[in-house]
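In what follows, chain A forms one complex with chain B and a second complex with chain C.
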Partner chain A sequence: MLRPFSISGIGALVALLLACTFFSLGTPRFLRGENISLILQQAMVIGVEAIGQTLVILTAGIDLANGTVMALGSVVMTGLAVNNGVPPVLAVLIGFLVTSGFGLLNGALVTTIRLPPFIVTLGVLNITRALTLIYTLTIITGLPDFMNTAGNTFTIGATQITFGSVLMILLYIIMFFVLRATAWGRHVYAIGNNPEAVRLAGISRTRLLLSVYALAGLFYGIAGLLLVGRTGVGDPQAGLNDNLGSITAVVLGGTSLFGGRGNILGTLVGTLIVSVFNNGLQLMGVQEIYQVLITGILVILAVSVDQMSHRTQG
Partner chain B sequence: MRDGSRREPLLAARGLRKSFGHIVALDGTDFDLYPEEILAVIGDNGAGKTTLIKVLSGAVIPDAGEILVEGQRAHFRSPLEARRHGIETVYQDLALASELNIAENLFLGREIRRRGILGRFFRILDKPRMLREAARHMSDLKIGIQSMNQTVGGLSGGQRQGVAVARSAAFATRVVIMDEPTAALGVKETRMVVEMIRRVKARGLPVVLISHNMPQVFELADRIHIQRLGRRVAVVRPDECSMSDAVAILTGAKEGNGLSRPTARSASRESSER
Partner chain C sequence: MNAKRLLAACCSAAIVLFAAQSVFAADQSSPIKIGLVVKTLTNPYFVTMIGAAKKYAAEKGITLITGSGAYDGDNAGQITAMENMASAGVKGILFTPSDSSAIVPTVEKLRKQGIVMIALDTSTTPESATDGFFATDNFQAGKLIGEYAKAAMAGKTPVIAMLDGTLGSTVSQQRHDGFLAGFGIKEGAPSIVSEQATNGDESKALTAMENSLSKNPQINLVYSINEPAGFGAYTAIKKAGKIKDIMIVSIDGSHNGVEAVKSKEFAADSMQFPAKMAQDGIDAVITYAQSGVKPTGYVNTGCALISDTPEHGLSIESSSWGLHNAWGGKG
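And then the complex of A and B:
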């Protein structure tokens, strides 16, 4: 039986619907197809990063390096294509390899040296940030067409829809089934729940965590490709705050920071909540700083709900 | 074997030693488990019961000594290797994942996959079959839970114990080891688990039961292994030894029967009784 949402996940969905109702009452422009499409387009990069972040958090870890790993991937793929004449498809694949490699490095440090994920990814955040700036200080422009694909649109009725936002939703659906229906997915939950049970069941903690961190890295690479497609450039300064942004999405979506509990579709809802608030408040002419304020309040609310449900469960 | 008619131990250990830093947990202990019996292991805190059981279940690797499975030397470097020899353990903390459902916990690490490439390549689970088989294993032990779909986190302590015992009984082909299975339970749930242990035995699986609960040990066990200061100091039968004598042996107030190896007398009694 599929349970698409846990209780906290339903809370997130209700919050999203309430926000949408509020903004559609506040401004007639909110519910227009083009605006919905814009919300999705603005959410797609952080949304794909948040898939990787959810996987890591489900194992009771945390990833602070997702944004800088993504930035490194995006400058590598654009730089190789523009400066070195590497065929675009190959350049993108090399970019994915780089981000997955740094994911693997995170996983290796967490499993072999047994450092806390917070420290490991804090280190990798600085390393990848520095490598990105060593690689290029300037924005990479003049990208081949292929790299803009994710930012291109197709039209349904009168609404233009970005390819990247469709890809984001597809990735969420795929990962939802992977987490629910495969042995790997169940082990990801189990290791966050009770690592000792996983060890005693004969499941390799090392292999499981390596695969989780590496896969998260791949998602950061895909997010990098979407970012490149959306902005049309390779930006070394991108993604610096995306770690907190993606953790916000995960937490708003009802996934527990203690690990083992939560739902990946909740993360999609969490991503959309942030995006809807930013978009709606902007349409209503509210200053940007209030968007940040409200996101902060929402996060604290969401974590409080998680804490309380954790306490009542014992 | 010295006595041809004597039944061979299903699981045995000779001269196990294990230290953790300066602390000697096992000081050359022996162990014998015979087919179709419930063997209780008792001992004071620090006597090495838990370490002994962890060695037998592959969770701790001994510094010295040997383990014999049906007379053959075996080396357990991980719980998985003990399981490959048909030895399953119910750990004190049960080793269950609270967010997974009963079926997923029963099959944790041994999931049933779909046929064909969906299962082999994508590792997609055959959930209907897992639910069906879980229900069968649970009803074999008469554990009255209807839905295998509920998460273990929502179960009572006794029900969780039931899931852990059912998991071990389902996969064990030689031995089920239980570490303090009733320590955290109320009176009624303790009864339920005691009945479960009897049913495991009735299915032909010998049980190693670690317990502090003397009345329960004397009620359930066929033989009692008494552990003291890292050694087996005695093996007694509940019908031949009083509870107070057993307690006296485990505290050191009374000498044990000095069993470092089964004596010829106890060994022949072993065979004559069957």
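And then the complex of A and C:
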């Protein structure tokens, strides 16, 4: 269904608002401008990764390799700049090329050999993890200034806002319109919803899926650049749990894991829910293990709401 | 689920949440907040450190906020925890860096905000990036068991397997080098037949030990970077039926480790004092909060050699002393 917001999407927004209310009541330090900016900054890497994950999930696929592909991209771009003297902009573009390339590989394996996306991306997860460690076992430091841009801030009033978090929001808005208003976007929903109809309409499944996975790969590269900007280093150990983290964000946002249904803005809400809980619980001094517990409960609630609303709609 | 029911659910949720937050918000009135960020919550060493810190914080009447990475090496997770603590208004952050150099940009950023940053157990690279560094002298810890092993192996030809920690870890490197110095050999000596990184993880150490034994069945001495690694090695050696032939030395000094010394699983164990690191760290932040004086430089929190087999010329504590002073509970 292409209604602007599904019940589960609204549910996610309500959950986010409730969480923010809860934490602002719990501690006066939550609603400060710097803290909100911090939350956005902490959400931006997973947030952008989750854009790619949403695209893949809408086609009834899943991507387990997003974190390690991102890590590979980030060490390649930092390694080239620091160790090989490649100009930073070029190094970043090569990093994007690498991540999109692996996205394309995922797509190719899914379409031509017809392997389930779960298996394909599981294999690519291990391959990219190994390649990352082969490329560098230690963290890459001493980055050129350009690469820190995403982590740099500009000031509005009394608050500092990170460029990277603004980029994340812009990317979400752009992808929202692409998915709603372009033929490509409609086809992405269609192939998850009704692959037979897509075939009968003469749309190439191969070309469509290749474009989805490759574009997802590009987003992982962008997320890698944001990570580099945020942490100031190229880290081969980064993103190991980001596959589950991004899937959580997608599910919390109301997108169906079976494909064909969902709103990408819901993913943004889902990402923010996780970051808000992480930040809020820590501000209140609650042991972070409860954050993990709460996230698990939220995921089950989100999927249940989604399932129930789907059933009552008939 | 229609809109009305959704609204009703939300209202009830809001009421529950409001009630719940008043429970959580209970301890918001303490004047001084201190943050403690460890590597991961799955290593009993860090769990002990947090437990000791919480107890001491309660005694001193300060609020302790804790955090960690998701796995050993999760630098981004530690950065997030530190930023949140800064946002919570902590006066200082005690931390054990998962990666000594990667955490430095964040440490410097928070220092500029006036938060005192103290490294515990593992230093940053460079060490001067923090306001203070409270830790065991890890070189000394390795040296103690190296000296012990040398004395205990006198007359035998040593065939050594080294089970190290995480690649790039300063703690791992220092203990490794200390052991070599204590034993009196150099890196690459022919008596060292195997060197494997275990990340200080028991199951990885088990696999590494099995592979080492497979490579060279003559191994008679095992250096392990910490007790989980030592326990992994012990399991492998037991499975191979070689308990009588191989000596294991380790570092940490937890309750389990000292029990292992008592039951002769470990020949010797260098004991650390993580509770002291946490307590000294908390004291230093309180001093800073009250007087503005920051700690500087390195503070040695000490280490002691635990063994039940005396060796000439070495200062050794017995396992009974060890059990009185060990960190960590039973289990």
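Operating definition for what follows: the second predicted complex is superposed on the first by the 305 of 314 C-alpha atoms of A that agree within 3 Å, B and C clash if a C-alpha of one lies under 4 Å from a C-alpha of the other, contacts with A are read in each partner's own complex, and residues count from 1 in each chain.
The criterion applied here is as follows: a contact is a pair of C-beta atoms (placed from the backbone, for glycine too) under 8 Å apart; a residue touches a chain by one contact, two chains touch by 3 or more.
Note that the structure is a prediction, hence the values are computed from the model and not measured.
Legend: residue contacts after superposition of the two complexes on their common chain; A:N83 is shown touching neither chain B nor chain C.
Of the two partner chains, chain B is the only one that A:N193 touches; chain C does not reach it. In the superposed model, A:S304 makes contact with neither chain B nor chain C.
Applying the stated contact rule after C-alpha superposition, one finds that A:T206 touches neither chain B nor chain C. After overlaying the two complexes on the shared chain, residue contacts for A:A181 are found with chain B alone; chain C is out of touch.
Between chain B and chain C, C touches the greater number of residues of chain A.
After overlaying the two complexes on the shared chain, residue contacts for A:N126 are found with neither chain B nor chain C. Overlap of the chain B and chain C interfaces on chain A: none, as no residue is touched by both. Contact residues on chain C toward chain A in their complex (touch as defined above): 1-2, 6, 10, 13-14, 17-18, 20-21, 24-25, 27-28, 33, 41, 63-68, 70-71, 73-76, 79-81, 83-85, 87-89, 99, 101-102, 104-106, 167-168.
Residues 7, 10-11, 14, 18, 21-23, 25-27, 29, 32, 34-35, 38, 41-42, 45, 137-139, 141, 227, 230-233, 235, 237-241, 278-279, 282-289, 305, 308-309, 312 of chain A touch chain C in their complex. Here chain B touches chain A in the complex through residues 59, 78-80, 83, 89, 91, 93-100, 104, 108-111, 113, 122-125, 127, 149, 153, going by the rule given at the top. Listed in rising order, the residues of chain A touching chain B in the complex are 1, 181-184, 186-187, 189-190, 192-194, 196-203, 260-261, 313.
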